[in-house]
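Next come two complexes, and both contain chain A; in the first it sits with chain B, in the second with chain C.
Entry: the complex of A and B
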């Protein structure tokens, strides 16, 4: 049973997570002005159709607004935290060129992204045990190949505390 | 640390003015894209903000950039008008700086006037008007 819509792949988590552009912390608002007809806006239209969901997924706190048919030529405008505005003319460009350009000017570089991912991994060590919300496992009994929890499977007699205590008492005598 | 001193979450927002009936205050509707968790599609979610507009320069339909105030001005007003991005009916194209309506430029582009001047000077040279030669009687 196929998905509904024109390019339903845009509505998959895998596609959204593949977004390349992660904006720098100072970018607060992104505005795209484009036209619904005309060849020069074609790249801008494709950019809005394919890439805006990816950008918004990776940058949930950036406000993105689209304006249609307001000006004859399409452009993208960014509003930064210190009041600075960045204007990008996208007339006649292909949507991939637009994404590359935007990533180059205002996106975090691959190096920075990798460093951040590494730092995030370091914070959560999979070898630690604890509450299910923060760690993978709560008890060693959950690991395959280890002694199972005595509540589910009774321990063999030799491992129980009372047998061991009895053995220690009889050996001492 | 009282809640009153906490700053506003949204520092800069862009929205459309929907009401100007209050004195020196503009009611601005801000839309953000929110992901629908089941459909995995983005939809516009509206929120209204009140912004302080000291000069009462906003009309309904303007697209406006708001800046968060360092402290709340009143119970609802936490932002002030930073600049009018697109004034309704008088949109200025940021790339060329000229007034625009939809896909057309309202002001003529500069290139046409230069062509007219060049052709005028060429035409004057062709006429060969000189002061010395007397006008021929006809």
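Entry: the complex of A and C
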């Protein structure tokens, strides 16, 4: 059976890649305290259910922990690498509001993300030739419309070296 | 006769060779150490290819020049990359960038604190309302219970008084005879008649 769980869309790559929050380098640990019952924790529960997989996919090196029914009101806490702790109260908020809030305070802005994507693209120039593992093509003969490799398709007589040498020799005589 | 191949690819270190030469690995190939030379090759004298000294000199010069240039280029590029990396991490622009980022971080944290404060006030109001409502309910419950207790007591008192009233008419050992006489003197007729319209007739013929 391919579909597992209540909302199996959460497991699809497309859904995960649509995650908006990419944390700054200084965020190391994220902790979510919420309750399993109660109206005020509803937003937090939905956040944990729908958005946490996206966040973890985009930030594989951030440790995320969930605590249930430990405090009367829900909150999210971030631990940065210089020891600073950031507390975010999420009582009564909608899960989308929580995402926007978190993205605003500790997420990389769209500008920064675009600049990073651009820099990454610059590293691999598609015009370069080389080993199949790192580049698109190894030889010009692999490009459509170019002369194919003589090992696969024999060259027409006029292009071979020995024919041209013969022609040159006969014309000289 | 020909033993199995024993290829050991130990890197060969030639201590006396200059640094730039290529190290050739000694690999035995198909034959092992003890196999004899082939009969067709017994008289063969292996001579290296002849070297023209003039050509050699010219080639050496060209190669040294070529290698020099290439090595210089390589080192130049390496240095460029390292310099760029250094600039990114510890440069004049980098410090400003870090300062700006710290500023932004502080402002975002302040905004977050303001949000938390706002939510805290809302929560405190809600909690206050809830406690007040609970207090009110508690007081009402107490009042209700008190009221019920009083009603119960009143009811019991009423029942007691009624019983006392009835006790006056009780038949005891003292007035037993008189009551018997009285009952025999006044026969009570419990019969009655009723018709389909529901009219009750109490006075009927005594049996």
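The rule we apply is simple: the second predicted complex is superposed on the first by the 164 of 173 C-alpha atoms of A that agree within 3 Å, B and C clash if a C-alpha of one lies under 4 Å from a C-alpha of the other, contacts with A are read in each partner's own complex, and residues count from 1 in each chain.
The criterion applied here is as follows: a residue touches a chain if its C-beta (ideal position, glycine included) is under 8 Å from a C-beta of that chain, and two chains touch if they have at least 3 such contacts.
Bear in mind the structure is a predicted one, so any value in this text is a computation, not a measurement.
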Combined model on chain A: chain C and chain B, fit or clash: fit
Contacts of A:159 with chain B and chain C, given as first, second, both or neither: neither
If touched residues of chain A are counted for chain B and for chain C, the larger one: B
First, second, both or neither for A:71, with chain B first and chain C second: first
First (chain B), second (chain C), both or neither touched by A:86: second
Chain B versus chain C as contact partner of A:35, first or second or both or neither: first
Inter-centroid angle chain B-chain A-chain C after superposition on A [Cα, multiple of 10°]: 20
Contacts of A:16 with chain B and chain C, given as first, second, both or neither: first
Which of chain B and chain C A:104 touches, first, second, both or neither: second
Contacts of A:63 with chain B and chain C, given as first, second, both or neither: first
Nearest Cα pair across chain B and chain C, whole Å: 6
Common interface positions of chain A, toward chain B and toward chain C: 73, 87, 89
Complex interface listing, chain A residues touching chain C: 73, 86-89, 91-92, 101, 104-106
Chain A-touching residues of chain C, taken from the complex the two chains share: 108-109, 111-112, 115-116, 119-120, 122-123
Complex contacts: residues of chain A adjacent to chain B: 11-13, 16, 28-29, 31, 35, 38, 52-53, 56-57, 63-65, 67, 69-73, 75, 77, 79, 81, 83, 87, 89
Of chain B, residues touching chain A in the complex: 10-14, 30-33, 35, 39-42, 63, 65, 67, 82, 85-86, 91, 93-96, 100, 102-105
